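What follows is chain A paired twice: with chain B in the first complex and chain C in the second.
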Partner chain A sequence: MIKYELIKVVKSPIFIILLLFFVTLNGLIIFDHKNERKNLPVLQNIVEQYGTKIDDKALAGMKKEIDYEMVWVNRLNPKSEKQYQFPYEFIKDHEAFLYQHLMDRELNRLFNLNLFTQYYETAKSVDDIYSELDATEFARQQIKKYGLSGKAEETVLNQANLLEKRLKQLVKNGEHRHFFYLGPVYEMHSLLFKKLGRAIAFEGMILVVLITALLANYEFEHRTSFVAFTSKRGRNLLWDKLAASVIANVFAVMLLIAATLIIYFSVYDYSNLLFVPISSYFNSETPFPYISWWNLSFLQYVCLFVGCLLLSQLLYMLLTFSLSIWLKNSYLVFFSFALFAGVSLWIPSVVSLNSNFILIMHVNPFYLIMNPHVWFMGNNIFTMFPHFEAVTIAVWAVIFVLLGFISMYKFKRQPLN
Partner chain B sequence: MRVFLYELRKLFNWKVLLLILFISFLFYKLFLSFYFENFPNGRPAKDEFMITKEMINKYGHEMDEKEFQHFKNWYKQKKDDANAYLQSQQDAEKLGITTYEQFRQLDLTNKQYADFHEKVVFADQADVFWELQAFENIIEQYESKGRDIESYTDEDQQERVKQIMANNDVNSVFPYLVYENYNELIRFWAVLIIISVVMVTSRVHITDRLNNAISLQYTTKTGRNLFSAKLLAALAATALITTVQIVIFWFFYLGNGTQAFFPLSINSFYNFYYFWFDFTFEGYIITTVIATYIVAIVAALFSVFFSRIAQNYITLIGSLVPIVVLLSYCTLKYLVGELFVILHPLMLTIGTFLVLIAISTIFIIYRMKQEKLVDLI
Partner chain C sequence: MLIVDHVSKYYGNFIALENVHLQFDNGIYGLLAPNGAGKTTLMKMLVTLIFPTKGEIRYNGENIIHLGSKYRELLGYLPQQFGYYKHYSPAKYLLYLSALKGISKHEAKEKIPKLLKLVGLEDVMHKKMRKFSGGMIQRVGIAQALLNDPKILILDEPTAGLDPTERARFRKLLTQLANDRIIILSTHIVSDVESIANEIIMIKDKTILYKKPIRELCQLLSGRIYETAADFQDAEIFRKRFATISEKQENGQMIFRFVSDEQPNENWKSVEPTLEDVFLHVYGEGALA
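Then we have the complex of A and B:
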């Protein structure tokens, strides 16, 4: 029977149209500001030559390369007697000269060298920065910013201690000493995990709600409910529908994610960087760098990210399924779902900020997808728990499954009209 | 007429209205309430707001060179107040700060100075220091008016900036913060209107189809004309919803207390944006409201069309999602938000409006022609 339920989905061309539309949107997000990211290959060259790990050998090699190139730079302006050590010094003194006298090729070489130097300098400063990093101070600032107090403040500070420990371990592992695309310049982490992550989550949500509602309400909306649900087996059809919606939803969401990621990774080259820890200092975009709770490589992080996205979508499916059983009308289901999402996002902003209740209120499946770029990380004080994502998904899976069982129980015993 | 009224009544189903009410409430809480509750947002924004209001009282809508000199004197008086305040403070004497100039140039990396600075500005909330900042902003903007012409690359834009500079309107004391606040509110409110309109009008045909009423209706002469009646009902509903939403918006917006700025020109030295036309703030508000109506009607036309085409709710919602997303995007960017700002080419704005109106109308007319001949099965 699952097969026939699946046919209902396949025969609706709207899902394919929506998928194409969403993938196009994501493509636009990916290509947006691509020009500002055209110098990414500079890092590729560094990694090819020195590997991703920052050590003394790599630093010495880079310095040597800079010195070698500086000989060329210092000859660029014959009138200038001064010997420069680094390209940015040269650029600062010759701003007008650059665009008047240099050819595009030379300019490119100079700016690439400048970028190369920026990687070098950042790599050199990593140790100093991490020796001064203070997770507790970071938590204090955030607490002040959001106005937490009382028990909530206490809990967050406790968690900050945990983060502090993790930070020490991270430094010991040397996770931060890895080359990656410069965070503050390119914001690749935000692009992939925040912008695209959020986009995929919301797009997936629309697909999931529509697919699930189509299946669950099909008999009522096509006036076949009196035929389908009047026998004993009939009411159990809902189980087939549930199984079919799991299959269809996983398939649709995976297609969406896969298509988006394929476009992303074919536009931006990550081939050498797959095993760089996600907590690398180069990945950070704010003064307080990203710190994952475990030693995760970029590839592992992407896998966890996809898994978390998929599981959250299954939560939405369960909610939609229960809503459908009660409302029996896709239109109402769609907008009630939107209402549910809106309430979940609104409630954390009205809860008082002095008890742990505010933190508990953030454990909800819709808040979860608002910040996918700090999943499995300690960078958001409201989600500063190592297992925040797992707990959120597990708790709400239990709630929604129970709700599903109650709805199903009710459905089996209710009159059809 | 009777059919029209029946259709209208069918559209305003109480369940749907309840949903719209809740969704509007949440939308308000999530996207809009911030700009009502935090206007003007912090300091010195609050001081700039008060000062510009006082400027209107003193100088009228515009501030000419002579009045600007007066304004500078006013600034000097405030500075004297600040000096007097500093001289009355014991900590200031200890640190050797006696004038405002010294205070302004304090080296804030020095802990002692930074603490004093924080105490004066944040703990004591000495108003005069915030006011001075606001004065300085206004003076700087006034003196540098028209310099930002460099940031525009397009010739039309530069031409327009020159035109504005030649006009007396540029001396208007209309502040950016009032524009920014209005812009954020109206553009999100327009999106809320689009959503509400689509929620109501999308049901116009589909309910009949799902009730299998179509086969009954379309075998009669009146039934074949139902499309027009329903279209009119949907448009009436759109007008009603949009008007109600805008009236509510207006009710909230008056609370922001910007009435004093209504007759001012918005092409001012103190606004970061220039506009393609010489608007007063009043005129601009009316223009954005008209734009909101147009966008709402376009949304309604599309949703009526798809409501007739779609076989079930899923297809209907699925096909309206891309339309609402694209329409909302354009609305936020340049159709209602930042309407006629010269950052967006004039032809792009007008062109988008025309294309939207044309496509939605063509869809509807095409369907209307088919209605007479269409097969029932």
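Then we have the complex of A and C:
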């Protein structure tokens, strides 16, 4: 029976059209700032030559390369008598000259060298930066920013202590001492996990609600419920619909994620960076760097990210399925789902900021997808718990599964008029 | 044997059916009542779409709700509003419904062409149902009800949309099927059941008024049905005085068919009561005394 239910989804062209539309949209997001990221290969060259780990050998090699190239830089302007140590000094003093006299090839070489130097300088200063990092101070700033007080403040500060410990462990592991695309310049983490991650989450949500509501309400909307639910399979048909929903939704969401990631990784080369810790300093885009609760490589983080995305979509599927059982009308289901999502996001904004209730209210499946770029990290005071994502998914999975069973129980005993 | 054991159905304060008690053996039963009398409610309870508020329905001694799929696999049901997938062909739709009914694909593929031939749809079995007429859809509905060779066949207004030839074919089909199964046929069209039903069930005032063979029902009006001619100017007076069942114009006069307990006069011609007389009398002027 599951096969027949799946055919109903496949036969609805809206899903194929939507899926293609979403992938195109994500493609546009990916290509949107491609020009600003045209110097990304500089890092690939560094990594190929020196590896991803920042150590004395790598730094010495880089310095040697800079010195060698600076000989060429110092010869670029014959009128200049000053000998420069670093390309950014030269660029600063000869801005007008560069664009008037240098060829594109020379300009590229100069700017790439400048970027190379930036990687070198940053790598040199990593340890100093981390020695001054203070998770508690970061938490205090955030507490002040959002106006938390009382028990909520206390809880966040306790969590900041945990983050402090993790920070020490991170430094000890040397997770921060790895080359990665320069966060402040390229914001690759935000592009992949925030812009695209959030887009996929919302697109997936639309697909999931549509697919689930279509399957669950199909017999009612085609007026075939009387024949279908009086057959031998009867109201157990809903179990087939649930199974088909899981399969169709997992397939649709995975297709969306896979297509988006394939485009992303085809455009931006991560081949040498897959095993770089996600907490590398180079990945940070704000003064307080990303700190994952565990030592995760970029690849592991992507896998966890995909898993979390998929599970959150399954939560939406469970909610939609239950709503469909009660409402039996796709439009009402869409409206109710949107209302539920809206209320879930609105409640935390009106809850008192001095009790832990404000933090509990953030444990909801809709808030979860608002900040996917800080999943499994201690960078958001409202989600500053090592297992925030797992707990949110588990708690709501239990709630929605229970709601599903209650709905099924009700459906088996309700009159079908 | 299917027993509706003192069943009542309430929707809040609204009484849809009250204390209905019926027993069905193999044969055709015509459920005859005007629209809104509770036929569909009774049928929906028989197919487990809705549940009795009081009483229970038993098949071979067991409550049909407890029997669950064991009961439903014996069931063939054509609802009043038969829904279908417009983008499916009859063959494909029946294949899907076969799966729902627990029929193997192999068996279904053998059965479906035969059933579609039986209802005269063999030429269009692979055409999408989008452009089918109401009558054609109704025939698909009849075919699907027969898919699992049901022991209990419940048909709610099955002849709606069928032309006279199709109706006749359908009646013949039911007669052939009635030997070894219970067929319950709801209708408000007397001719649908007049020639084929073993028993007629009439619902009035939310409960069962009669469950009798047609002959016995007609005997209730035996000697009380007359026909007479009257001038047009006297027609209104006649209507007020007698419970007219039907009237027609013939040779410039009105011919009345009516029920009367009065002593007949020489102008009245006593006629044999028909099921239609009973139906019109029961629902037109109140139940028979």
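FYI, the second predicted complex is superposed on the first by the 414 of 417 C-alpha atoms of A that agree within 3 Å, B and C clash if a C-alpha of one lies under 4 Å from a C-alpha of the other, contacts with A are read in each partner's own complex, and residues count from 1 in each chain.
Basically, contacts are C-beta pairs under 8 Å (C-beta built on N, C-alpha and C of every residue); 3 or more make two chains touch, one makes a residue touch a chain.
Keep in mind it's a predicted model, so treat the numbers as computed, not measured.
In the overlay built on the shared chain, the residue A:152 is in contact with neither chain B nor chain C.
Once the two complexes are laid over each other on the shared chain, residue contacts for A:139 go to neither chain B nor chain C. When the two complexes are overlaid on their common chain A, residue A:191 makes contact with neither chain B nor chain C.
In the superposed model, more residues of chain A are touched by B than by the other of chain B and chain C. Judged by the touch definition given at the top, the superposed model places A:206 against chain B, while chain C stays out of reach. When the two structures are aligned on the shared chain, A:346 is found in touch with chain B, with no touch to chain C.
Contacts of A:226 after superposition on the shared chain: chain C is touched, whereas chain B is not. In the superposition on chain A, A:17 makes contact with chain B only, not with chain C. Residue contacts after overlaying the shared chain place A:70 against neither chain B nor chain C. Of the two partner chains, chain B is the only one that A:336 touches; chain C does not reach it. For the contact definition in use here, the residues of chain A common to its chain B contact set and its chain C contact set are 222-223.
Within the complex formed with chain A, the chain C residues making contact are 44, 47-51, 68-69, 72-73, 75, 77, 79, 81-85, 87, 96-97, 99-102, 141, 144, 148.
Touching chain C in their complex are the following residues of chain A: 1, 4, 11, 219, 222-234, 236-237, 413, 415-417. Within the complex formed with chain B, the residues of chain A that make contact are 12, 14-15, 17-18, 21, 25, 206, 210, 213-214, 217, 221-223, 329-332, 334-336, 338-339, 342-343, 345-346, 349. The part of chain B that touches chain A in the complex is made up of residues 15, 19, 22-23, 26-27, 29-30, 199, 202-203, 210, 212, 312-319, 321-322, 325.
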